[in-house]
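Please find the structures below.
Here come two complexes built around subunit A, the first alongside subunit B, the second alongside subunit C.
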Partner chain A sequence: MEQPSRPLLEISGLHTGFDTFDGRVRAVDGVDLEVHAGKTLCVVGESGCGKSVTARSILRLVEDSGSIDAGTITWHGDGAPFDILSLDPRDKRLQRLRGGDIGMIFQEPAASLLQLRTIGAQLIETLRIHTGLDKRAARARAVELLDSVGIPDPQRRIDAYPFQLSGGMCQRAMIAIALCANPSLLIADEPTTALDVTTQARILDLIRSLQAEHRMAVMFITHDLGVVAELADEVAVMYLGRVVERAPVDEIFADPKHPYTKALLASVPVLGRDRRRDLPTIPGAVPNPLHRPSGCSFHPRCAEAIAGKCDVDAPPEVNFGGGRTAECVLYETEGAKA
Partner chain B sequence: MVRYLGRRTLYMAATLLAISLMVFVIISLPPGDYVTALQAKYNVMGQGLTEADVANLRMRYGLDGNLLQQYWHWITQIVLHGDLGMSFEHSKPVEEVIAPRLGWTIAVSLITLLVTWALAFPIGVYSAVKQHSAGDYAVTTVGFLGLATPNFLIALVFIYFSVTWFGSVPSGLCSPEWCDAAWNLGKLLDLLGHLWIPMIVIGTGGVAGLVRIIRNNLLDELRRPYVTAARARGVPEGALLRRYPLRVALNPFVSTIGWVLPLLLVGDIVVGQILSLPTLGPILLGSLKSQDMYLAGSVIMVLSVVTVIGTLISDLLLGWLDPRIRLGHQR
Partner chain C sequence: MIEPILEVRDLHVRFPVRRNLLGRTTVENHAVSGVDLALVPGETLALVGESGCGKTTLGRTIVGAQKATSGAVIFDGKVLTSMPERERAPYRRQIRMVFQDPFSSLNPRFTLRQIIGDPLVATGEARGSELEDRIAEMMRRVGLSPDYMDRYPHAFSGGQRQRVNIARALIVNPRLVVADEPVSALDVSVRAQILNLLRELQAEFGLTYLFISHDLSVVENLADRVAVMYFGRIVELADTASLYDAPRHPYTEALMSAVPIPDPALKGRGGRILLPDELPDPSNPPPGCAFARRCRYAEAGRCDTGEIPLEHGTRCVRREELDLQGIVGAPS
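Up next is the complex of A and B:
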């Protein structure tokens, strides 16, 4: 599989932690990821695996109790590449990145919009921050944008308050806001989780068509493997704050390497195949990140764990080439060859 | 909006009617009535009233029917003629007793309210935005003290210090030489010289309470997803605070008008007594002590009207600020 030479966004060694009463939780514990221009990267994992925190760390949106401890996030935009994490909070480049070069949409569209202001006001505000249009031009552009994300009757809806719109319409409005400055990257943090299935499908279609139109990269956070199959070019599987496997989408479904990925795929119900048998599940639950298992953090739940090895040594990252990696001792020898 | 306003006004009228009934029951609670009390007073003075006088007086005050008829007479007198009845203690119509003091009461209350807001708002916002800072801890501690100290105690402390340091007691709202003077700059300065004491005394608890309300509301709002979302689209921090969480945190603040206004009016009864302010508080206290029930009832009625008006004002402001209230949450 051919890789574009330079990624758009490069996350390396990211550590983000949160202070709790029981101690520091390492929500993201050394994540390396790359997002390539015009491509879709899907980040999958169970709840609490750190996928949302990773996404938020990119725009430095981690809440007060948390902070980014280490790592670099390099942005290769139109200008000179720079490390987002080492920017001063007042740096103009961070301001331009947020909503300008990188658009972001969230899990709960209605809660992510201020109920007291019209969607038009919130859209026009963002437009004017990033494009410098005057009020009238911004309003005209806002109507166009609402139309382009499939909001019917945008002339009238621009003055609607979020509570007057459905969840799907609110998410469309959020997408319009995220795309208003023609970003090169859209970060979508489980944007369809709070929506019903048909709305979900429409929003996914919309994101896909807008991506083709704007030729932007998408980083899509989800726990839904069906969504992954539909949208992704590349997939990163996360477990307990680490990326355990990375692969192009067709390879991850055809030939999963990491035992966790295999187990995840096996637990997806398939029509016909799963008749008269229990759906396979992964034994146990995601461990508390405060009490991370020694060695490979997946070993207590792993079917292929090797006693005396997996519970002692941190697993090596094996590079299979072509953008495929897996953090597992099973491929140690293969990786050495590759 | 018109419907909202109409609905609110209707509620307001209904509330006032209910309050008037309550007030009337309070007036009628003591045994006997105003005329028998008057009779007794004249008897003591040795100039008894004739049967005809008594009957006329009973007619005049509508005291010859049962409770319901009396109430009807009383409320129609108020609504149609603005006649609140006679004050027993002051021997003149109630409105003549209340009117000159109502202005002062409202003036002192409004000024205190404005100063309370002007102080509480920035302090509360600062305390929330800089949570866990030294400033926040200082504000919170002082706030607890202010909230826990009764106003009359602060008034007594003021009197104590002004006697020990200046040898005089701050009383009233004007010095004797200015009280009857026409309005001019001297009187205004004199008024300001007196006003700050009741303002501080009455305002302390209000500021402390409001600071806590704003701080808690804003802290809640600062953690909402829409704040993160707005930050993610590059809204600068100052504008973000003003246009997003503060807009929402303003709601409970505005709805406090409804209860802060009467609290300031009534809350200064004891303080008004101690500092001998020309407000309604001391009048209400005096009328309750001497069973001057028309006066007491009227003062309570006036306070109720102010309360209801305060609530209406805050409702209207809320409707203006919050589209969810204005549009009745329709889809």
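Up next is the complex of A and C:
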């Protein structure tokens, strides 16, 4: 496995929590991740596993009730590396990151675009902030961008309001905005979940070809394992605020280590494989993060849990080498300690 | 020949978009345009298609939540669509619906007892201890502990709420269940539980399912037969195995090729058909095949004129000439 010398983005020991009525929820509870230039990292997990909060923490876009409690997020851009989390909120570098070096696509295009401004106005504004183009040049560039993301008739559509466009079109407009400043990293938070499969196929194709052109890094958040297989170089599986397994994409599908990853892969119906048959299931449901189980948080649902061990001690992080890790006691003796 | 439990004949549903000064409808959206279907008892027929194809409207018309513009819904030999509301009531309990969103389809101010027991109370079928027994029995059957009877929906996860939805639908012993995307909003790890539960309940109660979904992998797992809808019409109707192995309509082929398969070895497997976004205007359906403008096999002069009938399970004039691709890279 070729491994570039240093990552573009390095998340280490990230903790993000939210104050709720019932107490503090540790949505992200010690996450370590790396994103490399030109590569795609897919973050997989179910609702509430902290994958979106991790992504939002990178740009420091955590809502008011929440805060980043610990950890570092180091950006190795063109200049000297710096920790995003320790920047002053008014620091110029933070502004440059948001929408400049890092583009972000959110899950619901209709909710994340302003409804009362045309997509052109929103795109041109971003372009002018990050590229310094004048009005006319920005508009011309905006038309080009809309065309490149596959919006037919961009000359006319640039003056359309989001509600006049379909979900797929809005998502493409979002992508155009996220990509307008040629970011080094694109963070995509479930960008295709609300879309039809045919539209999804086109959006994935688009992200792939743009990545090839610009050697852009992509952090792609999804719960769809099909999309992961298609897009990822590296995969991180999250469960209840922690990364439980990390591996290159081929290995995670061929030889999943963590019991959660195994169960997840088995429970998804696959075209051509599971016609009219009962599917293996994971018992129970994802626990409320307020009442995190003791020890390994997956142990109440785990088929291989060892009583007296998994429900007591936090699982060790086992390093298998080649970028593979798993947080599970089953491999304690196998891997070399990092 | 087995008598169908449900028949849909030339069903049309149109929604008014604009009216003129006199209140006459001048522009209408065609949501369902001429659907024919028959379900035999005990089978699962899946209705697949993309958003806006009319699958939900068709489901709602069958359960009576939406009025048909023309055509007939025939249940057990009785034409429901021409029946006065009052006479329809007994059929409401025989045809039940399970909704997509387990978060918005349960009243947050009702306890599970009220939600699940409501159909029995409304029909006056059971009360007192019998009511309680039947609710408890139904809850056990769908995998919920009857101890939770007096809790409110907010205390439950998506999967559990969907179990409540299913219990509410089944408590009056229906014969036909219309399930509209029942697993789409659920987490992957819970989805399999609900699919297995639907299968068990079908065997136990001899239910017939009309299963509406956009997810081709889920449909393949559950359905006996599949109807593919496009733009308000059924474009292909076939047994699950033959539809997935050898689709006969270009739209089915394109839809299948777009489903990402969780196997990185098939990455870039090719054969993916990218469709242009030229959706026809629902208020002014084009002549011929509605898919023609996006279809890579379309021939001018043949596909864009006249009315194309559903023959041998497919609505395509070129069905004899085309050799379409099924699931690529599927283990055989």
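By definition in this document, the second predicted complex is superposed on the first by the 330 of 338 C-alpha atoms of A that agree within 3 Å, B and C clash if a C-alpha of one lies under 4 Å from a C-alpha of the other, contacts with A are read in each partner's own complex, and residues count from 1 in each chain.
The rule is short, and it goes like this: a contact is a pair of C-beta atoms (placed from the backbone, for glycine too) under 8 Å apart; a residue touches a chain by one contact, two chains touch by 3 or more.
Remember, it's a predicted structure, so these values are computed and weren't measured experimentally.
In the superposed pair of complexes, A:Ser47 makes contact with subunit C only, with no contact to subunit B. In the superposition on chain A, A:Ala229 makes contact with subunit C only, not with subunit B. Contacts of A:Leu116 after superposition: subunit B is touched, whereas subunit C is not reached.
Among subunit B and subunit C, the chain that touches a larger number of residues in subunit A is C. By the touch criterion defined above, A:Met104 lies against subunit B but remains apart from subunit C after alignment on the C-alpha atoms of chain A. In the superposed model, A:Phe18 makes contact with neither subunit B nor subunit C. Contacts of A:Phe220 after superposition on the shared chain: neither subunit B nor subunit C is touched.
For the contact definition in use here, the residues of subunit A common to its subunit B contact set and its subunit C contact set are 166. Those residues of subunit A lying in contact with subunit C across their complex are 46-47, 150, 152, 166-169, 196-202, 204-205, 223-230, 232, 249-250, 253, 263-265, 267-282, 285-286, 301.
Contacts from subunit B toward subunit A in the complex involve residues 223-226, 228-236, 243-244, 247-248, 321-324, 327, 329-331.
Within the complex formed with subunit B, the subunit A residues making contact are 56, 59, 61, 63, 95-100, 103-104, 106-108, 111-117, 122, 125-126, 129-130, 161, 163-164, 166, 174, 177-178.
Chain contact summary for the complex, subunit C toward subunit A: residues 50-51, 157-160, 187-193, 195-196, 199, 214, 216-218, 220-222, 224, 240-241, 244, 254-267, 272, 274-279, 327, 329-332.
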